[in-house]
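Labels for the chains are A, B and C, by order of writing; each one numbers its residues from 1.
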Amino acid sequence: MSTLPLDARFKLSYPGFCLDVDMQLPCQGVTALFGHSGAGKTTLLRCIAGLETAATGHLRVNGQIWQDNNTFVPTHRRTLGYVFQEASLLPHLSARENLEFAIKRATQPVTEADRMDTIDLLGIAPLLDRSPGQLSGGERQRVTIARALLSKPGLLLMDEPLASIDQTHKQEILPYLENLKTTLDIPIIYVSHSAEEVARLADTLVAMENGRIVASGPLNDTLTRLDFPIKLGEEVGSVIEATVTERDPQWQLAKATFDGGDLWFRDSGYDVGCQVRVRVFARDISLSLQHHSDTSIVNSLPAVVEEISTEQHPGLALVKLRVGNTPLVARLTHRSAHHLELAPGKPIWAQIKSVAIIQ
Amino acid sequence: MGFSAADIEALWLTLRLAAIVTLLLLMIGIPTAWWLCRTRCRWKGLIIAIIALPLVLPPTVLGFYLLLAMGPNGPVGQLTEALGIGLLPFTFGGLVFGSIIYSLPFVVQPIQNAMEAIGERPLEVAATLGANPRDTFFNVVLPLAKPGILTATILGFTHTLGEFGVVLMIGGNIPGATRVISVQIYDHVEAMDYAQAHWLAATMVLFSFVVLAILYSRKHLMIWK
Amino acid sequence: MNVLRLFILTLFSLTAHAQEINAAVASSFLLPMRDIVTAFEHQSQHRVSIASGSSGKLYAQIIQGAPFDVFLSADQEKPKALLESGHGISGSRFTYAQGSLVVIATNGLTDDPKALLSRGEFNRLAIANPRLAPYGAAAVETLKALTLWDAVSQKLVIGESVGQAYHFVISGNAQLAFIARAQVYNPQRKARYWPVPTKLHSPIYQDAVLLKKGSNQLAAKQLLAFLQSEQALIIMDDYGYQPAGQQ
């Protein structure tokens, strides 16, 4: 698989809306297009797919020009898979026939093994003989994803695939998506307005507002920017990649090691050596000038203050820390920040009240 | 009392006419409906209006204009003569042509409605799965428009069966070529031969009723598969 | 005051003497009938509404109870049938006109219809349906009398009425047609036509009959009498009808 970056420049105007973007994305992993509804995420995705024929610009994917001033490769000749927001199985075909539709038109031959793997990956074997009307929203979306994969795309575009699905079914599909991320070797562009989905799935984050890109970069670096333009409220925090290094059967705890230290968490069955993603909310970090052992808080890490800014509420401050090479964000009152005499460069202890293992 | 030989000839001719006309109507109507669905041409409204005209024109008026158009001085007549087909009035081919014009809106409209109801999404889905527009048309649009196409087929067929005004004008009442069942019934009525008229009319009513009943009771059973 | 009195007086005299009647008229006779009715209304103060249609349709409507007072058919069979079925008043049937058959050609000014017909120089010959229209039956008799029938029967196109046979010719789709003399009545345009000698076919008698509903209407009887007046005969002559012969 080529590692040339995806290079996209688009301009498109509708009454009351204008898309104007210029971005380069790594051609691997999951890139999340993140923003509120109306920010232009879906429109940008449709431009990449060639579904917005009115858009002008330039698009290069895997070294191929898909669009420039003289070229417009029509959607059906772009090697991409597209998962629409609402489940979009062809209504006149059964689940199996929907998959066959993709296989017959796939960019390269689909082997029986490919087919079985994809069906297993999304757990849809029992659903294949049903018609779309007999499937739940979540089931339909899983078949839709399998169908996109079986067309053997070089790029997978997913437009809020969970948005039309209720909370329980979301939790049912997310593990499949995480599987996808680790199994597939093609880049995925994933549109979402949910910080949780982004935290769980994204490697690269592109934040959009009013048809423009307002921030982009590796997930944690971007999320922990204090000037991150999209207000996350209670969900401000960081996402840390870590490896499970130890399990303590006596206390039913496990240890995750990352670039900057260790975090203990409730053992939920991850094997040693397993890659996990740890989400640490800013509201769950408190700061202390000394290391305390007389506290119930298990995780206490040495950090350096990097930057301080004011939260939406004027009484609250956001403090960006660096633990080893990993940035973290803590939220505390301005009064506390003043008492502790926080300033960039000051060493400090970050006490982490709880961590969420999200993968 | 039953059918006379002339009645049976008229029945057979009518069925043949309706079958050929319906087939041609589908061949013309399906692409036309699809084009009307997709085009952004500024004349679209105008073209829809022209196709719909036979809905409002009295059939005898339409028939009279067709007679003029297909005559030696009319544009259609000059075209068919130039092509070596000869003049169309009073021929079976002429009836086919007139019936197509007359029944076209009954075929185009249900198909166009069905195609418009499909929406953009299935077409976009097909494109992202690598289907080219032709492939999409045959494997997505046509299957999804099936209920509309079925309705159009039945309407086109039954409408041609029952057509009278146009046929009367351009047919010339020639046995075996243009004397269709509706004209035959009319002749029986005008000649005060009511018993013969009843036989034919009842047959036509029964046949059309059965066909329409099958159509409308099957339709809601088979929205999709 | 005087005006008002005059108005009331007029109204009174109208209601006292004027009647309204409905006449069912074969469409081929519609044009002369309009002129005749105008003249009749002028001198009698009665009002006549005309319903026109093919004789066959009017016949069916009368049988089904249509409110007509008199019936002017384009043939003799239907009035006869109405008498038999009791819808017509016996003794009231009479022949009000005799139609004249003519042959016209598409090029009314240049072509000689008779020559074209006898030489067979045409592709299509239009006639009215002989089963329905007396002019159609007369046309068939004429062709047989001229011993042309075998030669032309494959070239025939049949209109439901002489009106349609006329359409076939003026639209150029047929080159010749047997129609009614009344149809070429047009003082402005001198179209050439061949009047078919009456000896070549049985006479085209058109009968009228008083209907049951009109039996108590003085105006209906007066209208039928007026049809045989000198004034009505002049109008019919203008339109190419001959006075009814003896039968």
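Observations on the structure shown:
Following the convention adopted for this analysis, contacts are C-beta pairs under 8 Å (C-beta built on N, C-alpha and C of every residue); 3 or more make two chains touch, one makes a residue touch a chain.
Worth saying up front: this structure is predicted, and the values here are computed from it rather than measured.
Of all chains in the assembly, those touching chain A and also chain C are B. Across the assembly, the mean Cα position most removed from that of chain A is the one of C.
When every chain is reduced to the mean of its C-alpha atoms, the one closest to the centre of the whole protein set is B. One finds 90 Å separating the Cα centroids of chain A and chain C. Per-chain CA centroids place chain A at a distance of 56 Å from chain B.
Note: centroid distance chain B to chain C, computed from Cα atoms, is 37 Å. Taken together, the chain A residues at the contact with chain B in this complex read 49-51, 74-77, 80-82, 84, 88, 90-92, 94, 101-102, 105-107, 131, 133, 147-148, 151. Residues 121-122, 124-133, 135-136, 139-140, 143-144, 146, 224-225 of chain B touch chain A in their complex. Interface residues of chain B facing chain C in the complex, by the touch rule stated above, are 64, 67-68, 70-74, 77, 87, 89-90, 168-169, 172-174, 186-187, 189-192.
Contact residues on chain C toward chain B in their complex (touch as defined above): 54, 56-57, 59-60, 77-78, 81, 124, 126, 129, 131-132, 156-160, 164, 167-168, 171-174.
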